[in-house]
């Protein structure tokens, strides 16, 4: 990766994040023969929201070089050389693109491969010579890669780990007003219901399978009866590798893992975001309500409500199927006891 | 009012303003038996401009608890308890919401009251125990309520008072880039024509009656005759309690009071806004024009223009019907004189 | 030019830029009898993107005074005078605008001239008395005019000069997050292909003629064949005095001059923008690629690519027709030699 001011190359490892300023010319190299490289990109368009393009200096079967966009005259003046030379060395097509109509549907197949090409062991070695590694633990730097797990997880227990790089802790995250999360939910674990106060999260499933439940408000046509109750609506879906979903700010969500689940999240509008949990032994919105408010709010008595809340002794992550497990354990114990008696 | 980090409760008085960060769980309590409480809210949506929802932890006849948005399994895991318990204590409905289709149109009437409930004297007392009051006069604080009239009015005379909290004077207003105004126009008073250089104001009539005139440009279809004059257009309306109107930046406006009028305004994009008056003895756009410019601009002679401008000896607020009053006074004096003579 | 706080007047010269805060009442005076004054304005709307109006204190045949937007009663109260006086001195029309319908299509021709009026020598002298000049070279000031050519050009050779005021070098440009460029391309010169990393430029042709080529991506309907090549597209146009064009961020562009060409550009979203050149002996994206990357990227050999790149010894600006010129020179030399031999 480099930018015109100073070329920079980095060795990236699993969990590393890198900010590429708009307009940077960059390449990514997978030095490993046997391991696939997966990169998740959050693109922030400049000209039009929701619309952006990649520009390439050279042509392959997948895309044309931006040099193809200039006229023969301009290219000759630009490189101070005859057009045929430029064509042979840079454009790599016989006929060039003198006329826009001509170029359409034309074959430019000098480069048989597409935008991803095979690189020899020697070339890899040469290219990696000057590469720097991510800064690791310690003070976050103003540029260069940083690892999502460089700090301790903000939530952690036997059911999962929640890593987060927030704008107030990383100058690069601050510039973009984003936060980066890496969430590990172990098989059978549940990320407890919570909502983000102001950040909108775009989440990618990196590995594993699970399920999420997201709560919204039914955006119903206001009908004759204006007094109708405002109904909540559950959006839920299975999750598997490569899935992407969005968590709007303020909407409660829970996620459970049917196999070890790893999620990567980009939080937009993240500065001063708070994650508010609806249950769990710490940081729990309901627990913090005044006694009198609990009484006025819920149908159960204050004592009932407080007892119910204390039942969940985990925070942030919990067992996704405690009832079934207790059931099984009970049955197991009974079974064993039965067995003992039978002895 | 509280947020998960630290619960906070405040005593609010007439004219107090409070900033609630997005995602805050809060309640408002009216401790007075005989006095109505009116709250004006400026909501700043996060996910979609112009679109936002309230989420409630519990269900009433007006709205559903967000817990109703989660599945039976998730709720059991969340509270580590059997579903029937959660239903009885938190959800307050017999059948729960196992299936989205089922829940539609279903009655959940454990809480007979809606989102506003009656609170006993003892509960009020308990809830108010730890409430802090607004800081009053002095240095504005980083959080907590502040009173719109804590500083001296920026404009004041016998016809009215204009209080304003601007971003440069209050850190909370600065964070949101808004300003807050409280305007009192006494019966028969006129807030002189003026425009805001860059702030857009949303104004609510808190009390009283009056009238406003707002000047815009007729957005006419450009017709055959391109040379047509650009015409101004007057938007005017009667004002009474609870009315809301918007003053776009740059558009001249005047407001008069037919009874004592109190207005509450939120200024959006308020940083470095200037209020430019078109008349009045101070801060008057016309008065500040160079002599030569006045001559070139207006049909009257410079002397006429300057004499005309000096006629209004009030600033910011003036008498809304000076002619009629003079008329009446004149008639009155004539009458009295007549009376004297008759003596 | 002035604003209500403190009236300010400035002498402006060719290349001066001035920031007028929203809501400023201002006039522009051309003191020269024989020279035309051209002003290029970048308007940043506040109420609605892409929509703004001019408001005038007085009426002419081109536009109505904003005072016409107020009712008779309000104007009488505002100026504390009878309506007829206001009409004579300020509004300048017989009937005023008591009723919106009435005013439509009505003649208000007291001021026979439009928004531009003739000013006498004496008036000019009087108006210029207190005008300040732009600060010239030196530290850029917080307000007041500054000259686009007050600093050295950032790029300069015999083919052209490129002046730029960037946000990091000027506090006024920083407030608006814009940059200002003044580009001189001499006849026969070429501004080499380059792209802006994040700024969008709006460019006005101040003088001269030329041509630009802008490279985009063909936004084709994705058809049956998903594997289709992403095609670049050339947008090109002749340029002459008064033309305006937009350069989106990231899109490569080149500009050549068929006569001495002067361009004025406003860069939007300019903070930390980088101008990345695709050719030239310095600051060249291609040149900075690693040897191995060049080899993997282009159809020519590394040696070919590096030789090709070195062929252009100019930076930023170059000869627009070097081949033809060399051709001509070659022919000229041959001719001369022939001539010599003939002697």
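To keep things simple, chains are lettered A, B and C as they appear, and every chain counts its residues starting from 1.
As a convention for this text, contacts are C-beta pairs under 8 Å (C-beta built on N, C-alpha and C of every residue); 3 or more make two chains touch, one makes a residue touch a chain.
Here the structure is a predicted model, which means the values were calculated and not measured.
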Shared interface numbering between chain B and chain A [over half = same, under half = different]: different
Superposing rotation of chain A relative to chain C, computed on C-alpha atoms, to nearest 5°: 120
Interchain centroid distance [CA atoms averaged], chain A/chain B, Å: 40
Residue numbers of chain C (touch at least two other chains): none
Touching residues (chain side chain A, partner chain B) in the complex: 190, 192-193, 195-198, 200, 213-217, 227, 229-234, 236, 248-252, 254, 256, 269, 272, 274, 276-279, 283-286, 288-293, 295-300, 304-305, 308-309, 311-314, 318-323
For the chain A and chain C complex, residues of the former touching the latter: 2-5, 7, 21-25, 27, 46-47, 52-55, 57-58, 61-71, 73-74, 76-82, 85-86, 88-92, 97, 100, 103-104, 108, 110-111, 117, 119, 123, 126-127
